[in-house]
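The two complexes that follow have chain A in common; it is paired with chain B in the first and with chain C in the second.
The block that comes next holds the complex of A and B.
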C-alpha cells in the first residue's frame, strides 16, 4: 500500500517536472509551424513558411556557417593544446606541475562575461579589430580547460606500459604520442571535442562582445529578438534543436554505445 | 646511461608539449585579466580613459544605489534559483535512480536534459512565448475564464527565476543522479538492519552521502547563474537589473570600460566568496 502511494506520487511528480522541462521547447517547436505572424495561441494551422523564411535569410545562413567554422576550429585547437598539455603533465615530472594544472583549469572558474571583457579591453587597447578570429580565440580559452581536464583525467597509469613498450621498440616521444597514446585515448578526446563544439556553438556573450560584422548564430538570433515574438526565431531555434537532437541520438547509438560497453 | 639522456630529451619535449597550452592561457586569459584589474583602477573622464590609479570606481559602486542594487538583485535571484533548482531536481533524480527500471534510466536521463540542446538564447526566448501577455499561460487562463485580463508574467523577477530554474533543474538532475547511482545499496540495507525507517535512512544516510554532489551542482548553478546576462535581459525587464546587465550597460551606452572592469572584479569576488563558503563540501574529482 505504502509502496503504491510512493509510486503514484513519484509518477505525478516526474510528470509535472518533465512537463515543466518540456513546456517551453514544445511551444517553441509547435509555433515554428504557425500559419500567421505571431508564435502564440491560437494555432492557426500548419505551415512551413517560417522555415522557408530562415533559409532565405542570407544573414542567418551566414551566421550558421560562421558558427560551424568557429566551433569546429576552436574545438580542434583546444583539443590539440589540451591533449599535448595533458600528455606532458601526466607522463613527465615537470617542476611546478600542480601550478601548471591549476593555471590550465583556472578559466573554468571565471564567468564568460569576465573572460570576454578582459579580452575586449586588451584588443581595444592594442587596436586589434574584432572578428570571428577574436571570437575563436575566446572560445579556445573557455574550452581548453575542459579538454585538458577530460583528457588528463582519462590518462590512467595502465596505459604507461604500452607506451614504454613502444619506446623500447624505438619510437620517439612524438611517435608514441601520435601512434599509441592518442588512439588509446580517442574516446575521451572525441568526448572533449564534441563537448567543446557544443559549448562554442551555443556561446553567446563572448561571441557578442568580440565580434563586429561577421557574427555567430546566437548573436544573429539575439538581433532577431529585437523584433519581439517572431515565428522566424521559433523556426531557427527549432531547427537547431532538432538537428542537435538528431546528432546526439546518432552519437548515442554509435560512438558512445560502443565505448560504454567496453 | 642511454636511458638517462632519453629522460632528459623527454623532459625538453615535455616542456614543448605543455608550452602551447600554457602560453595560450597566459596570453588570452591571465594577461587580459590583469589588464582588466588594472583598468578597474583607472577612470573615464570626458570621453577619455585616464590612467589615474585610485579606487573611485569601487567607492562609486558602494555609494551609488543603482550599482549596488545590481549586486543585491544578482545575489537574491541566484540564491532563490539555486535553492529552488536543488529542491525540484533532487526528487526527480531520486525517482530516476530508484523508481525507473535500470534499462530505462539512461533514456529518462537523456529526456530530462533534452532541452539543453536548444540554443541558450532561444531557451529564454521560448519562455517568453509561454509567459508573455498573449502567451500560452495567459491564453489558457483567459480561455478557461480564470482571469479576465492577461497577467503580467514576463518582464519581471519571477520570469527570470523561472527561466533560470528551468535550465538548472536539468543540470542538477544530472549531477545528483550521478551521485545517487554511485551509492551502494548496502548502505540502505545496513540502515534498515539497524532499525531505521525509510525517512530516517534518507535523512541520516542517503542525504549526507549525496551532499557533496548537491553542493558541487549548487556551486555550479551559483557561478553560471550570477554571471549570466542573457536570461535576465530577455525575461527580467528593466526594473530590476542584475550585475551582468549593469556591466553591459557600462560598455554599451557609456563605453565606461574602467567601471565595467571594476564591476566585473566585484562579480568575481562574489563567486570567490561563494567558493570559499562551500569549499569544504566541494569535491573536485581527479582520476
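The block that comes next holds the complex of A and C.
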C-alpha cells in the first residue's frame, strides 16, 4: 500500500515537472495548427494553413537560410579554434597556462548583451558595417569557450602515447593533429559542434544588435511578434523547436554511436 | 633491417633527480637485449633516450655508427612498442599497421599489402578490417608489434610490452616475440622488471639499478656468475654469507665464513682477483646446497644446520635452515622432491665450490 502511494506520488511529480517544462512548447505547437486568426483558446480546429503561410513568406525563409548558414559556419570556426586552443594547452607547456585557460573560458560568464554591446563598439570603431558576418563573429565569440571547454576536457593523458606513437612512425605535427588527434576526439568535437549550432540557432540578442538588412530567424520572428500574436509565429516557432530537437537528437545519436563503440 | 647501437656515457637528470648516471652500452646488430631492473632504475629513461623521446643531459647515442643524440623520433631508424600499445583507436588494424608506411608516402594498395603481410606475421591477417577495441589484450599487443615492424626499423624498442598481460599469455607471447625477432633479425631492446621474462627472451641481459648498469651478460652468466650483489639478488633468491679472504695464491683462495672456512678457486671471484683481508660476501643460490655426504666431487662441507621450516614447491622442498655455527643466520636451501626433511632435524650442508660466487662486501663505486 505504502509502495503504491510512493510510486503514484513520484509519477505525479514527474508529470508536473515535465508538464512545467513542456506545456508552453506543447501549447505553441498545438496553436500553430489553429484554424483561425488568434493563437488562443478555444482551439477551433486543425489546419496547416499557417505552415503554408510561413513557407510562402520569403522574408522568413530567407531568415531561416541565414540562420542555418550563420549557425553552421560560426560553429565550425568555433570548433576549429577551440580544438587548436585545447591542443596547445593540453600538449604543450605554455606560459601562464592556467590563466590562459581561464581567459578562454571567461566569455561564458559574460552576458550576451554585454558581448554584443562590446562588439558593436569595436565594429563601429573600425568602421566595419553590420551584416551576417558580424553576427557570425559574435556567435564565434560566445561558442568558442564552450567548444574549448568540451574538447579540452576530453583530451586525456592516454592520448599522449598514441600521438607519440604516430610521431615515432614518422608523422609531423600537422599530420598527428589531423590524422590522429582530431579523429580520436571526434565524439567531443561533434558534441561541441552540435551544441554550438543549437546555441547559435536560438540566439537573439547578438543577432539583433549586430545585424542590419539580412537577419537571422529569431530576429525575423521578433519583428513578426511586434505586429501582434498570430498563429504564424506559432508555426515558425514550432519549426525552430523542431530543428533544435533534430540537431540535439543527431548529437545524441552520433555520440552514443561513437562512445558505444570505443 | 638491423643495426648496432652504442650508448656512450649517457646521463639524464630531471631537476635534482639522476635517472641515468653515466651509462655506456654497446649492442650488436640483431641482438635481443633486455634492460632489467626495478621501477625507477632508469631502464625506461634509457629506452626513451634511444627512441628520441628524451635527449640525454650528457653523453652520445649512435645507431649503426650514425650519431643520433639529438635526432627526432620520426627521423630515427627506431620504432617503439608502447606499454599501453598506443594503437590508433579510430583506424582499422591494417591502417594501424600501415600508418608508418603512409607517412613514408607509400601508395594505399602497396601499403595495404605490406600491412597484411605483417599482420600475417603476428597471426592476425583474418581480422585486418577490425578496429583495436574489438581485440583482446594479447591481440592488440601483436598489432602494436606488427605496426612497429612494418616500417622496417633497424632497432625495435619495447617498453614493458607484456606488462599488461596475464601470466600464461605473457609466457606465450615471450616465445612468440623471440621467434619473430629471430625471423626479422631486427635489433630488439626490451624493457622489463620480470627477471623470468628477461631470461626467457634475452640474448644478453642488462641489469640496471639507480641509474647505473650493474651487470651485463647472457642470462646464464648473470644468474650463475653475477658481478654485483644487486644483480645476484635481483635475478633470483640467493643466500648472502659474509666472509673474509684469509689466504690467496695463484690457484686458490681461502675464505673464512660464518659457516666455516672454504677453499675456492679464484674464478669464484667474478669482479677480480681475491685480495687478502678483503671483506667479501658469498652468494649461494638455494638450489646449489647439497646434503653433506653425497658422493659429488668438489663438495665443500658447511657444517650442520637445523631445519626451522619447510614447504613443498612441486619441483623441490624449500627449507629454512639455521646453521649451528651461526644460529642467528637464516639460510634458504632447496632439497630434492625425494628428500625427507622434518622441522628440527639437523642436516649436514655442503655446496659445490664451483657454484659459489664471491663478491666484495662493499659495492665498488667505479
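The criterion applied here is as follows: the second predicted complex is superposed on the first by the 243 of 262 C-alpha atoms of A that agree within 3 Å, B and C clash if a C-alpha of one lies under 4 Å from a C-alpha of the other, contacts with A are read in each partner's own complex, and residues count from 1 in each chain.
One rule holds in what follows: contacts are C-beta pairs under 8 Å (C-beta built on N, C-alpha and C of every residue); 3 or more make two chains touch, one makes a residue touch a chain.
Computed from a prediction, not measured in an experiment: that's the story for all the values here.
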{"item": "Touching partner for A:175 - first (chain B), second (chain C), both, neither", "value": "second"}
{"item": "Contacts of A:79 with chain B and chain C, given as first, second, both or neither", "value": "neither"}
{"item": "Superposition-derived comparison: chain B or chain C, residues of chain A touched", "value": "B"}
{"item": "Touched partner set for A:186, first chain B, second chain C, both or neither", "value": "second"}
{"item": "Partner chain in contact with A:117 - chain B first, chain C second, else both or neither", "value": "first"}
{"item": "Shared contact residues on chain A - chain B and chain C", "value": "167"}
{"item": "Of all residues in chain B, those that touch chain A in their complex", "value": "6, 9-11, 13-18, 20-22, 24-26, 28-33, 35-36, 39, 88, 91-92, 95-96, 99, 110-112, 114-115, 117-123, 125-130, 132, 134-136, 139-140, 166, 169-170, 223, 226-227, 229-230, 234, 244, 247, 251, 257, 260-261, 264, 267-268, 271, 275, 285-287"}
{"item": "Residue ranges of chain A in contact with chain C within the complex", "value": "158, 161-162, 164-172, 175, 179-180, 183-184, 186, 261-262"}
{"item": "Interface residues, chain A side, partner chain B - complex", "value": "7, 10, 13-14, 17-18, 20-25, 27-28, 31, 38-42, 81-82, 84-85, 87-89, 91-92, 94, 100, 103-104, 106-107, 109-115, 117-122, 124-125, 137-138, 140-141, 144, 148, 153-156, 167, 173-174, 177, 201-205, 209, 217-218, 221-222, 225, 229, 233-234, 236-237, 240-241, 244-245, 248, 252"}
{"item": "Residue ranges of chain C in contact with chain A within the complex", "value": "51, 53, 72-74, 78-80, 82, 84, 86-91, 99-100, 103-104, 131, 133, 147, 151"}
